[in-house]
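Given below, in the form of structure tokens, are the structures.
There are two complexes below, and they share chain A, which is joined by chain B in the first and by chain C in the second.
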Partner chain A sequence: MTQLDVFQTVKRVTLEVLPFLPPEEVSIEKSLKDLGANSIDRMEVVTRSMESLGIKVPLVEFGKVKNLEGLVDVLQRFAN
Partner chain B sequence: MEVGIEAINLYGGPAFLDVRTLFEARKLDLERFDNLMMEKKSVGLPCEDPVTNGVNAAKPIIDRLTEAEKNRIELVIASTESGLDFGKALSTYIHDYLGLSRKCRIFEVKQACYAGTAALHMAICFVASQVSPGAKALVVATDTARAAAKNTYAEPTQAVGAVAMLVSGKPQVLEIDLGATGYHSYEVMDTCRPLPDIETGDADLSLLSYLDCFENSYKEYEARVEGANFMETFDYLAFHTPFAGMVKGAHRKLLRGFSRLSPDQIEADFQKRVSPSLKYCVRIGNVYSATVYVALCGLIDHAELNGSKRVGLFSYGSGCSSEFYSGLISGRSKEVLAGMKISEQLDRRYALNIDEYDRVLDQNMEWIFGVKDKEVDVSKYARIYNHSMAGRKLLVLKRVKDYHREYDWS
Partner chain C sequence: MSQQDRPINRRSTAPIAVTGIGITSSIGMNTGEFSNSLRAGKSGIARWALPAGPLVPVGVGARLPDFSLVTALQQVEGVPEPLRRKIGLCAGRSPLGVQAAVLAALEAWIMSGLDRASLDPQRLGIIVAGSNLNPRYSYGLHEKFQQDPEYLTPRYPLHYMDTDYVGTLSEIFQAQGEGFTVGGASASGNVAIIKACQAIGSDVIDACLVIGALADLSPMELQGFYNIGALGGRNFHDQPDKACRPFDLHHEGFIYGQAGACMLLESTDSAQQRGVPELARVTGGALVLDGNRLSDPNAEGEARAMTQALVRSGLNPSDIDYLNAHGTASPLGDETEIKAVKGVFKEHVPRLWINSTKGLTGHCLTAAGVVEAIAVVIQLQQGFLHPNKNLENPIDSECRFCPPESTLVSIRRAMSNSFGFGGIDTSIILERGGL
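Take a look at the complex of A and B:
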């Protein structure tokens, strides 16, 4: 799975969790906080992205993630 | 044998602040207010500490015992992350002011918000082991927020209070499913209290760790309990509740994993099985090691309990340790708890305005860990004290003399 594949899943899930967000706002260098996600929204994006990709990642692995790129990297590491 | 909680009581402090008022005063983002799902937070006074809160929760339970029953309390465990001394346990004072027998083990345990559950299970194992047939144990989960946590998104949820539980072979409040339990623990630095005036951490990491622990402790429960099913085994659920919105998010996430329910069905399940447990949590806030038992009290007082109902309890403490276990509650639980009049006690609290709240926080800052000699002066907050404490025979701190804390009844 490429970084782009994973990012597209994360982007789709982010837009499901934050339906009022213009899609073009969701770029890889942004953080979920920048996009207006609160702590529960952020947890939803992380867990639903995993579910959507069909992978299991120990959740604390996401603790140090700073932006969408970091999130995509952790997911990609466990997807391949 | 039957074992579990014979009596339980909650002390929710003398005063509260409306959470929306705090959001407005601190200019916090009101969109996040809805996300928290909290209404009020309990606030304590400088004449209170984890000892007084613990005694004020336990006293109504002890007062209902005969002298002979009281003398069978052979174990007093206090759980806290708000200790007053590195060596001397809170339970030494609690044991003394409750007038309990000296033929007793007394100590304090710590593991963040999990500690109340750690203490409860140690007490249950003591009673169930029958090493002293007929003995009872008192567990007091008591915590106070650090006074210095102003202007953060944690401030609206940080509260004070205590829950006391009498554990025995007469489990009329909660009969434990002995051995039906799953644990999950590992080292993680999510939230902590590294200094007397600081509680800090990484909220995202803590939320993720909570969810990880929930899923894995429940899986361990399922592995140990034949036929267990998350959707069918439990009539009700009570979770550690830092704030109600977090429990709602956790429930939604878990049900996506444990069931094939639609979002509407998940919401209906939340309303039916989880929401009764949040009734007191939203009126008090996070009481750390006591919180899951605040949830249990809320559940018993607000659920429909015709006949015996199984409740699944999840306890999480940062750092971290967690446990998912179960027990039975019934109409009898409701009768016993009704005598404590928890809702009325909460209604009696003094409603602080933001200026009063800020003043109380500043006054509480003078009483952080390490005070050697100091007299309590209630005249500084007489209005609140007179409204909620004076003449009500609640335990209050009078002074600290060469580190020894001296208390009296209000």
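Take a look at the complex of A and C:
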């Protein structure tokens, strides 16, 4: 699974969780916080992305994630 | 001196104004539609394959129509765009009951002019009627949870708790005074109204959004109500609109109904200062216990609630023109209520109009008290009484039950009863605005 595949999943889930967000604003260098996600929205993006990708990642793995790229990288590591 | 001997002519509580009402129900998604249905005697009870899961023996109920909050919001006039967006953000993915409450509260909010003539947020409270409101939500997640607990939504702790209503509504409507939920089983709606009147009367808040929360039952609760013998709909399965028969010889138990309702209660001073009309007034109410953990009703306790509501309102039985009965269509419940009503109203009984809104809406359980208080306000305002549905052979010949067609009659004061499992008896009294 490529980085782009995982990013597209994360982007789709992010737009489900933040329905008022214009899709073009979701770019890989931004953080969920930048996009207006509160702490529960951020957790929901994580659990929904894992579910979509059919993987289970221990939550500690996300501790150092700073932006969508970091999130995508962690997910991609477990998806492959 | 016993309660019955006390002189019943001294008002002990200040009347509280009703300045807004709102509803989502099986017979109307706003108060206009709901009024029309009451007037037409239209029942919301229909065949209903109740929530997914094992097949519950009773397939009849008064279901809230499917709706999307976003679409429903577009149909409400006068909602400022920032508020519309905020509601979408705060409640767009909330469970059904919260969304129904938000729509009802929005209608009451606009009706009471709070979008224009606002209140100090710290003087606005929220009381949500009912407990264990969301069992269908938890039930629906259970299977997935068994398989993959990691995928449980992190919103679960927010949504499974009844306080989700308090938090969501307070964020949307900027209420920063007292806020909590009250549990009184099927009497919860009246309990919330009584507690709101007390909070306003004791100057803790100026106004309160009282929410009759939709009881979103799962198949397990419905089977439970069936097994305890409380659910009707067995003999009229093929004629669902005949299934709910309050005070009729062939009544056989309650029919489940869904509704979310909101009543904005406010001190008469605050309503006056804001220059908004009083739709009605709550003159008093009472909440008493039977001292009974079971589901059976008790005429002495019910009579005590009605008498205390009269005492606190400074009224005599003959001052009441109309009783909106608890009337669930449960055989023992109906008979017990009639016995209690006769004990309280005595020689006034033949002149006291009686109907039960549950014949049209089903039994909305936690929301019932607020739904029925709204039905009372509408009937007081518009000068009619809705039919007591399906009353073909009344269980009592002395009582003045409302006939099959609406009655045009000017009503000044009404009593509304709600009784709950666990011996919780409540009665409130409303009077027409401008009396």
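The rule is simple: the second predicted complex is superposed on the first by the 80 of 80 C-alpha atoms of A that agree within 3 Å, B and C clash if a C-alpha of one lies under 4 Å from a C-alpha of the other, contacts with A are read in each partner's own complex, and residues count from 1 in each chain.
Everything that follows uses one rule, which is that a contact is a pair of C-beta atoms (placed from the backbone, for glycine too) under 8 Å apart; a residue touches a chain by one contact, two chains touch by 3 or more.
No experiment lies behind these values; they were computed from the predicted model shown.
*Asks:* Clash or fit: chain B against chain C, after overlaying the two structures on chain A?
*Replies:* clash
*Asks:* Which of the two partners, first being chain B and second being chain C, lies in contact with A:Q3: first, second, both, or neither?
*Replies:* Neither partner.
*Asks:* Based on the superposed arrangement, let me know which partner A:P19 touches: chain B (first), chain C (second), both, or neither?
*Replies:* The answer is second: A:P19 touches chain C but not chain B.
*Asks:* Going by the contact rule stated at the top, is it chain B or chain C that touches a larger number of residues on chain A?
*Replies:* Chain A has more residues touched by B than by the other partner.
*Asks:* For A:V60, decide between first (touching chain B), second (touching chain C), both and neither.
*Replies:* Once the two structures are laid over each other on A, A:V60 reaches chain B alone.
*Asks:* Go through the superposed model and pick first if A:S27 touches only chain B, second if only chain C, both, or neither.
*Replies:* It touches nothing on chain B or chain C.
*Asks:* In the overlay, answer first, second, both or neither for which of chain B and chain C A:M50 touches.
*Replies:* Second partner only.
*Asks:* Regarding the shared-chain residue A:N38, is it in contact with chain B (first), chain C (second), both, or neither?
*Replies:* In the superposition, A:N38 touches chain B alone.
*Asks:* Looking at chain B, which part out of 255-263, 363-371 or 381-389 clashes with chain C after superposition?
*Replies:* In the superposed model, chain B runs into chain C at 255-263.
*Asks:* Based on the A-chain superposition described above, do chain B and chain C contact any of the same residues on chain A, and if so which?
*Replies:* 40, 43-44, 47-48, 51
*Asks:* So in the complex, the part of chain C that touches chain A is made up of which residues?
*Replies:* Chain C reaches chain A through residues 85, 88-89, 92, 148, 150-155, 158.
*Asks:* Quick check on the complex: what are the chain A residues that touch chain B?
*Replies:* That would be residues 38-40, 42-44, 46-48, 51, 58-60, 62-63 of chain A.
*Asks:* What part of chain A is in contact with chain C in the complex they form?
*Replies:* The touching residues are 19-20, 40, 43-44, 47-48, 50-51, 56.
*Asks:* Residues of chain B touching chain A in their complex?
*Replies:* Chain B residues touching chain A: 31-32, 35, 188, 190, 202-205, 207-209, 211-212, 245-246, 248-249, 252-253, 256-257.
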